[in-house]
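Two complexes follow with chain A in common, the first pairing it with chain B and the second with chain C.
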Partner chain A sequence: MIEGLLDAFVTVSAPSHLGLILIGTVLGLLVGALPGLSSPMAIIVLLPITYTMSPLSAFEIIMGIYVSTKLGGSFASILLRTPGTPAAACTSLDGFPMAQQGKASLALGYSAMGSFAGGMISWIVAVSFVPLISAVALHSEPADIALLAIAGLTMVASFTRASMIRGMMGVLIGLMIASVGYDVQDGIERYSFGHPILASGVSFSAVLVGFFGIAVVLTDIDMVGRGSNLVSEKVGMALPRLGDMLRRWKAWAIGTFYGVVVGAIPGVGSDGSVWMAYATVRSQSKNPENFGKGEPDGILAPESSNNGTTGGTMIPMLTLGIPGDGSTAVMLGAMILHGLQPGVTLMTSSADFVYGILASLFYANIFMLVVALISIRFFIAILKRDRSSIFPFILVFTVIGAFAEDNHIFPVYIALACGIVGYLFEARKFPVVTIVLGAILGPIIEYNLRLGLAYSAGDWTTFVTTWPRAIMFGGISILVVREFYLGFRRMRSTSKLKLKQGEES
Partner chain B sequence: MKNLKTLTRVLSAAVVGAICIGTAGEALAAYPDNTLRIVVPWRAGGGTDSVGRALATEMEKISGQAVLVENVTGGSGTAGMLAVKNAKPDGYTMVLNGSADITAPIVFKNVPYSMDDYKCVGGVYATPTWIIANAEQGYKDFGDFVEAAKAAPGKLSLGVTALGTPDHVTADLLIKKYGIDVRVIPFNGGAPLKKALIGNQVNAGVLIAPVMLEEVKAGVAKVLVAGGSLKSIKHGPLQSMATLKDHGIDQEISMIRGVYMHKDTPDAVIDKAIEIVGGAAQSQSFKDFGDKFGFDPVWIPGKSFCEFMKSEDKAYRSIK
Partner chain C sequence: MQSEKLQEILLGTFVLGIGIVGFVFVNPTDAPVTEGPGGVSWRTVPFIYSGLLIALAVVFLAITIIRGPIPVDEATPEEAEFDAEEEAIEAAAPHPALFGVQISTLRRVAVIVALIMYSQAMNAFGFAMATPVFLFFVLYVFGRTRLGENLLVSIVGSFVLWTLFAHLLKMPLTGHSWDPLTPALSAALRALGV
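Then we have the complex of A and B:
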């Protein structure tokens, strides 16, 4: 194992190979930063160009893209409040306020460092514990995944801005959007109104670019005519110091932990893990009230978690041929096109290729950090530009993003509808993010909950029969009870306050 | 005055007619003289998509025109089928899709098209369904599975990739044939079912060959029965695998991936397209692609391909 990996490092360290990884990293950062363009899309577009290359060379570019799109997504979140990728939506919670305070480059720096820490640690964990991670990937059952996603949704409901009622409403709207289309277990059409295109559900990327791209442009339309005057030259180029990173170790350690675990379990993906990391770090923090107002921990947690999934997803993909997220699903297709047979035999039949991918992943993480830190200056320059020259681009890319997922016009209408609804909600201080979260986690919960019940022939006790499930179930119960308790206490104190005010007036 | 009107009418009709004949004639003579578009109704990187891209490369060589693969996805394949139904019937837009991916939605779902909306150009890949079990289950063949199911009614689970798919039909045919009581569990696609099979979480599962061929080669999983002949699979020991026919079911359940065009495409254009697609399907490099894919390609030209589609449609209606 170590010998194979060292050999691979020798191969990949050749300048021509490093060059390919670097190209992939730069491309990935751009693709990630553009709202609507995603990593699977970029890999698909590049595939025909890589046909003539060796499989490893092709995957060096792909690894670069995979790793750095994750970071690039957060750049748009921080600068424009328009996440470039679904997982980056969480980063905008604290990233955008920080940028508004004139500390945009510091926020971008924290994002880059967080991503690097997450990516590197998860790489080390993945390479050190290959058998353990593939065992987790293989033996995680639908019931486990359902509980994990429910835990995520519960954790997030606790930090929604404004009231919990609004948060719950948002999640429910998201769940409703997600339930459109054929239900997998019974084959019943839901909310499709007999429309064949709606029968397979609402395109998730359209919902996302609608709520985050179009709605944000509509909301911030009053910024047209001026750039951000908040970025002064002085604070413009401050990067986080290593000491600050070490002081905030808890945030990125927790983030990375969630990333590796969730990445290893096929079917959840980083879109979910970032929220769990954010919620945990927030509840662990000494000053949770700072979150949402530009707290660096609120950037480090989701970003480290986002890139933390890269190591986790690699192992089931390489050892079992099972995709953990959308990008790895496309990668498995790319392997077949390059004449490789992904599956349990890949490790033995193409060991050089497998180790080469792991070595490329390592370099991609380093390049990502270097490229990101160099390019922060250019990204800041974008922020300083007049919004009237940025917003048209965002709108164009959101439409392209909605269209390109299916090469079909219908998702574009969905994106427009979601954009307008999102704007109206946003204008009334409704936490739009909870809608998207419901739409992300809803299908994962429904599908796995019902599959878990199909496994157990309808026996609900399946959700507590193993130790990990019992622990997760207990954790969720505690969270819910605590939430109710706190809610009642808050209600009582506000009603007392009102009484008092009534007496005074 | 009246005469003049009639004259103009006749003249304009003649002109329009001449233009029509002219363009039709040109189209026939020169087809293809423009970029060809193959619509794949599934995401890039999947099985049908990789067949489409390999086929397109060869079609470019034969036709001398650029051949684009366009993934028009959504509606479980409906969007791509509609894209061709609504395209101009000039032969420049065709769709590559699995036979069951077309017939099953027509039978089981409310889709806005039928087989009458398309003409068959030809089938290029025939891959049967197969039932796979983890080696630890200890089944030697499907008979063992039947015995185990009879010993524990309602206990055994049989995964399928989704409802109303060829693998669902395969499961249904066998369950009815043997009168066994097993739980059919629909997964959301091939990847999660594959994971459940490698993780030994279901007793058996139905997939479309060659999915999990590598696991079978490695001895992790075992094929119990195939929906159709496995003669052309690239793994010797499996070529003589028992099929549904050996279990007394007179039906072949295969996914034949093939090319279709708009129903109003002129016959001469269809013939030319059959020539191009057929030539590509029988080329050496498409055969080489078969080595990667795990199966030898086939070539089932227009008419016979359409007949297969009809028999498949009948089979699906019988279990509806």
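Then we have the complex of A and C:
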């Protein structure tokens, strides 16, 4: 393991590789700083450019984007009270009041240091656990893999920020998208509607650019033309002293803990972990009344949690092929498009690549801090730009992204359809990320389910015959029953509340 | 509240429609069904997915119609508070309208139409000719009214993107009907030694 990691560091430390991570980092900070643009969208937009690169080179840029978008999102939260990314919303609770008090530079410094601490600690966790879990996962059989993927999707549907029923419906739509095309075992067309292009399946990049590119632009069109007034024009970045950071260790330690743990669970992602970290740190604080009024711990906790997810999400993605959030879903798609097979065999088939990703993650965290420190004024200048000049170019990139996989115009129409559906779903708070995750895990589930049945001569009890399988099966069942029970209980309490309000009025 | 309920019903109906279409139209040619191990055939898994989707959509619709929209989970009370504030700010923000329709809605429709036209135009006339027109139009739709500046941004931006994708990354972005610009640009760049 250590040898593999050291080799990867030697490879990634070459100037050309470091340059790619640096490019990704700058782009990530840029994208994060602009409200309306997100990490999955940035990765999607850049995918066509990476097609001619080696998979590791492509992922060096992607890791730079993934890590630094998270810090970039806090710039707008602190200076505008408009989060650059959904996960950065929590930072504005204390970041913006701090900026209003004339301490914007220090607020940005706390944000950068929190992100760096969270990112580095989660990197250590990822480096420790990825080889271990990979070694265990390697012994899994098709039935295990099918159950694991189903468990992943159940977790996505349960923990996503919407409701279980919405999450489940999204997952099932994604699974149906994955079923389009020739059946892998019988070679029979499914959902092709007689269209020869659909017989070979739905273009994966078209689905990704549709849901994460076009849908986002359509959703954020409201932002076009709206000015951005910064709370303060003269802003730099003032890093807090080391002693101050150590004194506040609880805030970033709790934040990182939530980030790593929640990041490793498919579905929640950093959007949920930051709020949990903030609530915990506030409840643990000796001065909870200071939160919401410019308390530094209120910046450190969400920011360390936000970047803490970067290492956490790597664990299921690199060992099991299960994405933790939208960005890692796109990354899995990028792996497939680059000819890699994500899943339990990734570590054995492409160990250099896996360790290369981990080494890139390390450098991306360092570059994020350094670039943000040196160039904060540039990113703040960008932050004030209107989205009207950026969105048209993003739309061109999305069209090329859909076109490039097959060099055909038909996937562009699929992307457009996915974009419109994604926008309409987003407007109703329907988690479109679940559709993408379903589309990614669908082929894995069906292939391994049928292979597992073939190995057991058609005996369905094969899915509960070993202890790990029985535990997974039990876990999936408990999760589904629990979520439906909680959903019904929540609905009943909402109805009672409405009834009470009606009686009072 | 009523409009929210109606939108939720429309959402549920749309999802139900996807489920029904998925259940009925699995195969367009009525292919023979040969059961494999465990009784699973090519249509079993799509049937399970679409069947479950139909069941969930029916539950979703029933709950929405009887009890109202299903509440969305929030991670913590702070998050719920923040979301409520955001919604209030959004509601208070100006929403300019044209002919009684919000401009942002008109922009969305215009962008969708432009994307369809752009895809068709790219297929017929190539990336080099279609992209400047698309960019110019969308920039105008997004409220940038300095036409000269938009023209410059569209042409320069398109040329940079064309050079990157078509010339350097060798993507086949040539039009299939009439595209005199792509060969001309390629020849010009070759002459310049790029």
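A few comments on the model shown:
The rule we apply is simple: the second predicted complex is superposed on the first by the 268 of 505 C-alpha atoms of A that agree within 3 Å, B and C clash if a C-alpha of one lies under 4 Å from a C-alpha of the other, contacts with A are read in each partner's own complex, and residues count from 1 in each chain.
Convention: a residue touches a chain if its C-beta (ideal position, glycine included) is under 8 Å from a C-beta of that chain, and two chains touch if they have at least 3 such contacts.
The shown structure was predicted, so the numbers you read here are calculated from the model rather than taken from an experiment.
Within the superposed three-chain model, A:Gln185 lies in touch with chain B and with chain C [touch as defined at top]. In the overlay built on the shared chain, the residue A:Ile49 is in contact with chain C alone; chain B does not reach it. Applying the stated contact rule after C-alpha superposition, one finds that A:Ala457 touches each of chain B and chain C. By the touch criterion stated above, A:Gly194 is placed in contact with chain B and with chain C alike. Shared-chain residue A:Gly487: touches chain C; no touch with chain B.
Judged by the number of chain A residues each one touches, C leads among chain B and chain C. Once chain A of one complex is fitted onto chain A of the other, the partner contacts of A:Ser388 are limited to chain C, with no touch recorded for chain B. When both complexes are overlaid on chain A, the residue A:Pro15 reaches neither chain B nor chain C.
In the superposition on chain A, A:Asn407 contacts both chain B and chain C.
Taken together, the two complexes place residues 48, 185-186, 189, 194, 407, 454, 457 of chain A in contact with chain B and also with chain C.
By the touch criterion given at the top, residues 43-46, 49-50, 53, 70-76, 78-79, 82-83, 108-112, 154-155, 157, 162-164, 183, 185-188, 191-192, 194-195, 198-199, 201-202, 212-215, 217-218, 220, 291-294 of chain B touch chain A in their complex.
Only residues 48-49, 51-52, 89-90, 92-93, 161-163, 165-166, 168-169, 172-173, 175-176, 179, 183, 185-186, 188-194, 214, 217-218, 221-222, 224-226, 271-272, 275-276, 278-279, 282, 387-389, 391-393, 395-396, 399-400, 403-404, 407, 409, 412-413, 416, 419-420, 423-425, 427-430, 445-446, 449-450, 453-454, 456-460, 487, 490-491, 494-495, 498 of chain A touch chain C when the two sit together in their complex.
The touching residues of chain A, when paired with chain B in their complex, are 44, 47-48, 137-139, 141, 182, 184-187, 189, 194, 196-200, 203, 266-267, 320-323, 329-334, 336-337, 339, 341-346, 405-408, 410-411, 447, 451, 454-455, 457. Across the complex, chain A is touched by residues 7-8, 11, 14-15, 18-19, 22, 25-29, 31, 34, 36-43, 45-46, 49-50, 52-53, 56-57, 59-60, 63, 67-68, 70-79, 82, 86, 90, 93, 104, 107-108, 111-112, 115-116, 118-120, 122-123, 127, 131, 134-135, 138-139, 142-144, 153, 157, 161, 164-165, 169-173 of chain C.
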